[in-house]
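Below is one structure, written out as structure tokens, with a few remarks after it.
Naming follows writing order (A, B, C, D and E), and every chain is counted from residue 1.
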Amino acid sequence: MATDTNHDGVRPSPVGPAASAGRAATPGGTAGGSGQELSGLDALELAGAGRDRWWARVGRGAWPKLLALALVLVGWQLVVWSGWKPDYLLPGPVAVARGLADIVPTADFASAVATTMRRAVTGFAFAAVVGFVLGILVARIRVLRAAIGSMITALQTMPSIAWFPLAILLYQLTEGAIEFVIVLGAAPAIANGVIAGVDYVPPVLVRVGRNLGARGVGLYRHVIAPAALPSVLAGMKQGWAFAWHSLMAGELLVTIANRPALGQLLGVYRDQSDSLHLIGIMLVVLAIGLMVDAGFGAVNGAIRRRRGMT
Amino acid sequence: TDGKTTLRLGYFPNVTHAVPLVGIGTGRYAKALGSTATLKPTSFNAGPDAVTALLSGSIDAAYVGPNPTVNAWAQSHGSAVEVIAGAASGGAALVVDPKIKSWSELTGADIATPQLGNTQDVSARYFLKQHGLSTTKSGGGDVHIKPMANGDAVTAYKSGAIDGAWIPEPYASQLVGAGGHVLVDERSLWPGGKFVVTDLLVRKDFAKAHPDVVTRLLRGQVQTVDYLKKEPAAAQQVVSEQIGTVSGKPLDPALVKQAWPKIEFTNDPLADTLVAGARHAESVDLLDPVDLKGIYQLDPLNKVLRAAGEPTVSAGTS
Amino acid sequence: MTATRGTSAPDVRQTDPGPAGAGPGPANGTAVPAVRIEAVSKVHGRGAGAVLALDAISLDVAPGEFVCVVGASGCGKSTLLSLVAGLDAPTARTLTVPGRPALMFQESALYPWLTVAGNVELPLRLAGVGRAERRERARELLASVHLAEFAQRRPHQLSGGMRQRVALARTLALDSPVLLMDEPFGALDAMTRDLLHDELETLWRQRRPAVVFVTHNVREAARLGDRIVLLSSRPGRVVWQTTVDAPRPRRMDSPETAAVAAEVTDRLRAEVRRHGH
Amino acid sequence: MATDTNHDGVRPSPVGPAASAGRAATPGGTAGGSGQELSGLDALELAGAGRDRWWARVGRGAWPKLLALALVLVGWQLVVWSGWKPDYLLPGPVAVARGLADIVPTADFASAVATTMRRAVTGFAFAAVVGFVLGILVARIRVLRAAIGSMITALQTMPSIAWFPLAILLYQLTEGAIEFVIVLGAAPAIANGVIAGVDYVPPVLVRVGRNLGARGVGLYRHVIAPAALPSVLAGMKQGWAFAWHSLMAGELLVTIANRPALGQLLGVYRDQSDSLHLIGIMLVVLAIGLMVDAGFGAVNGAIRRRRGMT
Amino acid sequence: MTATRGTSAPDVRQTDPGPAGAGPGPANGTAVPAVRIEAVSKVHGRGAGAVLALDAISLDVAPGEFVCVVGASGCGKSTLLSLVAGLDAPTARTLTVPGRPALMFQESALYPWLTVAGNVELPLRLAGVGRAERRERARELLASVHLAEFAQRRPHQLSGGMRQRVALARTLALDSPVLLMDEPFGALDAMTRDLLHDELETLWRQRRPAVVFVTHNVREAARLGDRIVLLSSRPGRVVWQTTVDAPRPRRMDSPETAAVAAEVTDRLRAEVRRHGH
């Protein structure tokens, strides 16, 4: 309990300017006085929070990440040193870093990252549009829900490899084939997020909206969409992961002249049993994932703050 | 368990792996190992997984292609594995759309290979280069090389997405069945019409610890190769069924039959061709220079061959 | 006789005037009613758990009339309002309302993703009112509920009474000819309530909407209503009604108001007692 | 609007026994009388609904599905007849049905389905446990959220093929390797569902729970878990899809002789360019997906009904 | 002086009695208080948007005392209760309460996934009460709020007033020595409210909890309270208080109650006017 971030009634509440104008704050008296379960960590948090600069906040947000990173690196290095597996199978962090340093500065690598990101973004954007439309239609039109609602999850379970022959039939070996498998992977996830969100919009909010004159698109735009937003966001996050899976698989399938891509590199290094560079590329994929998640996290945080969820 | 060693042997459910398929399927391997070791066959779908398994000690020996062989050797800096026998030669061809009738007409064509840097891929790039056709790793150049899974290549060819493929059996036969024609049988490009497609890798520490097991395994293989040559029809049947056992679907016997003459089963690892293949790969920039010296350990095989009254094999000239 | 409702054009109110004074009907049923409820029933749920919330209730509200509805907890007042607002389907004989009645819900149900001003502006926005104008209107409305300075807050930063006032402002923004209010001042202290009574009465005088006002405060009913209607409990029916003739503006604590309130209280007491709670 | 299934204030409300005891219902008078936007379809629904038997309801639920199926089959057959692609690339429904009829009755097929389902269920169950624990820890412990919150999505984006070498290192070529990739695929999805759910539990419900004496595990069990349930369910649905993706890929990696599996079959048919049977197995995968989705749908429907969301 | 709170053992109430009668303190500050609020402040939010909701408020509640709190909308009544209940961290000098006060929230906040009975049983379940006993207790409590027949319904099937009564039953199930109630009867009609006033008074007489009761109905305050406390608006402080000596049971419509109510109303009016609304 001591380290809750949400729902915890016990929040820092320093004596702000207004309060100190009214009366002098008792020094050292800000901490505590709250729940019976108030203990060391809470007190720490209460005392530490308050009027601080953004860099202080970023700094506070960064140290657990850095600590986690450090722990992972140390653990990894220890495993390597333990000699559990020979180092050509499980290279240590330093070797991987050197390996990365070899490839990262090359133009090919930059171009691979750019190509992959471009595909991910366009494919995901396309999947988002398809997912939204599909999700809203299925969530709100009874007949469609009965007809194809279950189909969405079923489609989602279909592994990308099963789609490749169809993708080749439809798009030959073009970018289109890659986008096709991305959309097939991500759109159902997003649609499911939309459906879940729409399903759990509190009915009273919709009734109010109708009474305020919201009809058709207006009802979606002004009531249902914002109410379902958190769930839609969660679905988009899952959709991004699906998109990325499909993309990596798709880039193994479709190689386009002079256009290296991360999925292809992943495949090549795996084919060559080159653990060193394989792990390097995995780290790059992880880093991209972290960045994207930071984006989602920021949006989520903003929504929660606005709605008083923290 | 009862003092017996377990020999964990990797192989692919694939026609070029007919030797282990038949050796396991007819019980010849198990019989040869006798009471010294229990055979535990493990099938793979891709060379890299077999190499990872071998290097990590999950299996003790594996039939793989020359490309994974070189990778396993190179990645472990020659410390982990050695080649103790060959298993098959040939069985790869460039099959293209009938409208392409000569090397020169390949310009601008999309040609599939199984994967970047694998045996067929290297051959394709090398021999295209010999014929004045450039390629790039990322699919550019005069001929566009597009690595993809063999099954996808067949689908892609049928749907017109590619113009041909440099591909192993039985896929080459399948392409021919789908209207392609064999522009180049790879055997014609190699001196003596032979080049290695499958060999037998073993972990060095296993070979050291259990030399008798290795010898018995080789004995089983030699007998199997013999059988393959003498009873092709029966062997083909076993190959088809054994693929079915492993993968859940038997390979069409007609296809096995069609592919059979394109492959030669041999105990000879065709050492020179492996080395040549590596040089080819270096020359098309798919492999960092690697010293393959010491990759072969053919003494046990030669002992077995001598005992069987067959000609011995060599570890090559380089 | 099938159900009829006015089309969305507000002037088509005169749909099927019907036999005046049917049932325990309208007291001043001579005018063409703004809201006509005739023998309307409503069952919540199905099967064994079904609740007959309203049973053949009839009530007419004249244009510009201010009707207060009182009744025991759970007697069907909120249900009645949502039927009139068209948010639930009644087992109807006749339910006639013009255009779109504005309903102030019992729970304030503000949109958490909008600011206070955003909530009040929403109906204007949905009606296509331009940005500058709706900003101005929202400002006025918030000022009238004494919350001008809270325009940029979020709903979760408000107290219960403040939220209720925002919901009131939002409902008033609709500027509808029929105003349905479900305990709009229940969470307000006496003084704020008095102030809002005045505001509401002023507005009502200026625009003359027909008002159906649900309240538990009988003095409030006597303070505001032209007529007070008492509903019975499960099933809800109109069991008694009275007209309040005292001149306006009235005061909550005036003797006339007290007298009316006392009478209503007696009736309510009798009614609740009849039900055992 | 006319065919809304949720939020729509306009619901069927027939005169029940209680009401008809009170007074006679006017014949034909049940429809309408509601929203201004009441139109043809609504009226139909209002008139048609009411006291009907479960088989009638099932029947009503089934026809849109059957219709959708019929439309798909007809469309497919038309494409095949159009001669767009030769029939060995795109076989028609009848051929596929015959192909399925060949394999479905075999013992091997039954065993493949059984093996795959067993793996899916155990892997998913394991992933669910890991996902729950991880999700709750990350959602509620501030330091963990900062440290590894973003890691979850990043891990989720890592394609299964990148994990294979590690799976082999850790588990050799056993069932364990398959379960490992399933857990790596599904657990982050479930954890993300849990996090999203916990993030959006209305704070007042938690405050009430604390005041009612809920502490620690009790708070989770009685307040946070039920409040987050819809979102957790959505996460589990996504997790199932991830699990299935990873399972199909994993079954290609680890093929155990004489133990056929669906993923393996999918791979073999693709490998042998056998579109006929490939499509057949895809249909089997779809059918399993539909069944699983029906399970999730039933749970979701029950939750919504109880909570008055419909 | 740092903040102190009693441990969870209910008998450790006597933590730092402090100087009696400090500030606009307790009227009957001679007994050891059940709740001691001394110079407690609370700021909502941070930075520019920060609101000083309570400013150095002091209030003692004696064990068994029934204190009613009135004040304008948004003056900080709910904030005060959640501080006492330990759900928010005050900028405190001293806040002393025993055990765990039971708080009835302004919004009923029932759990939608539980039945009505399940909601009432929850605190008992959390306290480890056995199934049979808690079922019996829930039945009794629901009967006391006149909702026995609704035990198996879900919250969304109840009317607003019924929900409020369920929330009351749930709070009473805690059987705490300190009972904090935030407008518990705001959504109830006069009769139901009267009945519940009687129930509450009976319960209070039997168990003698200390009660802090927020209401907007000054008559209700006069009907129930030993003492009535008037809070000012932003920042909230105790500006006035009075002791009600009339014998119990009182009646809402008795002249004594009316007289007290009139006085409180005047004070409240003055206070609200001072703030401009």
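One rule holds in what follows: contacts are C-beta pairs under 8 Å (C-beta built on N, C-alpha and C of every residue); 3 or more make two chains touch, one makes a residue touch a chain.
Predicted model, so just to flag it, every value in this text is computed and none were measured.
Q: Give me the two chains with the most inter-chain contact pairs.
A: Chain pair with the maximum contact count: A-D.
Q: Name the chain whose C-alpha centroid is most distant from the C-alpha centroid of subunit E.
A: If we average the C-alpha coordinates per chain, B ends up farthest from subunit E.
Q: Give, as an integer number of Å, the spacing between the C-alpha centres of subunit E and subunit C.
A: Averaging C-alpha atoms per chain gives centres 30 Å apart.
Q: Distance-wise, how many Å sit between the C-alpha centres of subunit A and subunit C, to the nearest whole number?
A: It comes to 46 Å between the two C-alpha centres.
Q: Could you work out how far the Cα centre of subunit B sits from that of subunit E, in whole Å?
A: 83
Q: Mark out which residues of subunit A touch at least two other chains, giving numbers and ranges.
A: In subunit A, residues 9, 35, 85, 89, 164-165, 169, 207, 210, 252, 267, 270, 275, 308 touch at least two other chains, as defined above.
Q: Two or more other chains touching the same residue: where does that happen in subunit E?
A: Residue numbers touching two or more other chains: 44, 51, 82, 86-87, 100, 107, 157.
Q: In subunit B, what residues contact two or more other chains?
A: Residues 48, 52, 56, 149, 152, 155, 159.
Q: Quick check on the complex: what are the subunit B residues that touch subunit D?
A: Where subunit B meets subunit D, its residues are 13, 41-45, 48-49, 52-53, 56, 58-59, 149-152, 154-155, 158-159, 174, 245-249, 251-252.
Q: Spell out the part of subunit A that touches subunit D in their complex, as residue ranges.
A: 1, 3-9, 35, 37, 61, 63-65, 67-68, 85, 89-90, 139-162, 164-165, 169, 188-189, 192-193, 196, 198-203, 206-207, 210, 215-216, 224, 230-231, 233-235, 237-238, 240-242, 244-245, 248-249, 252, 263, 266-267, 270, 275, 278, 281-282, 285-290, 292-294, 296-297, 300, 304, 308-309
Q: Within their complex, state which residues of subunit E touch subunit C.
A: Residue positions touching the partner: 44-45, 49, 51, 70-78, 106-107, 146, 153, 157-162, 165, 182-183, 186-193, 195, 216-218, 253, 262, 265, 268-269, 272-273, 276-277.
Q: Show which residues of subunit E lie in contact with subunit D when the two form their complex.
A: By the definition above, subunit E touches subunit D via 82, 85-87, 100-103, 105, 107, 109, 111-114, 122-123, 125-127, 154-157, 170, 174.
Q: Can you list the residues on subunit A that touch subunit C in the complex?
A: Touch list, subunit A to subunit C: 204-205, 207-208, 210-214, 218, 222-223, 226-227, 229, 303, 306-308.
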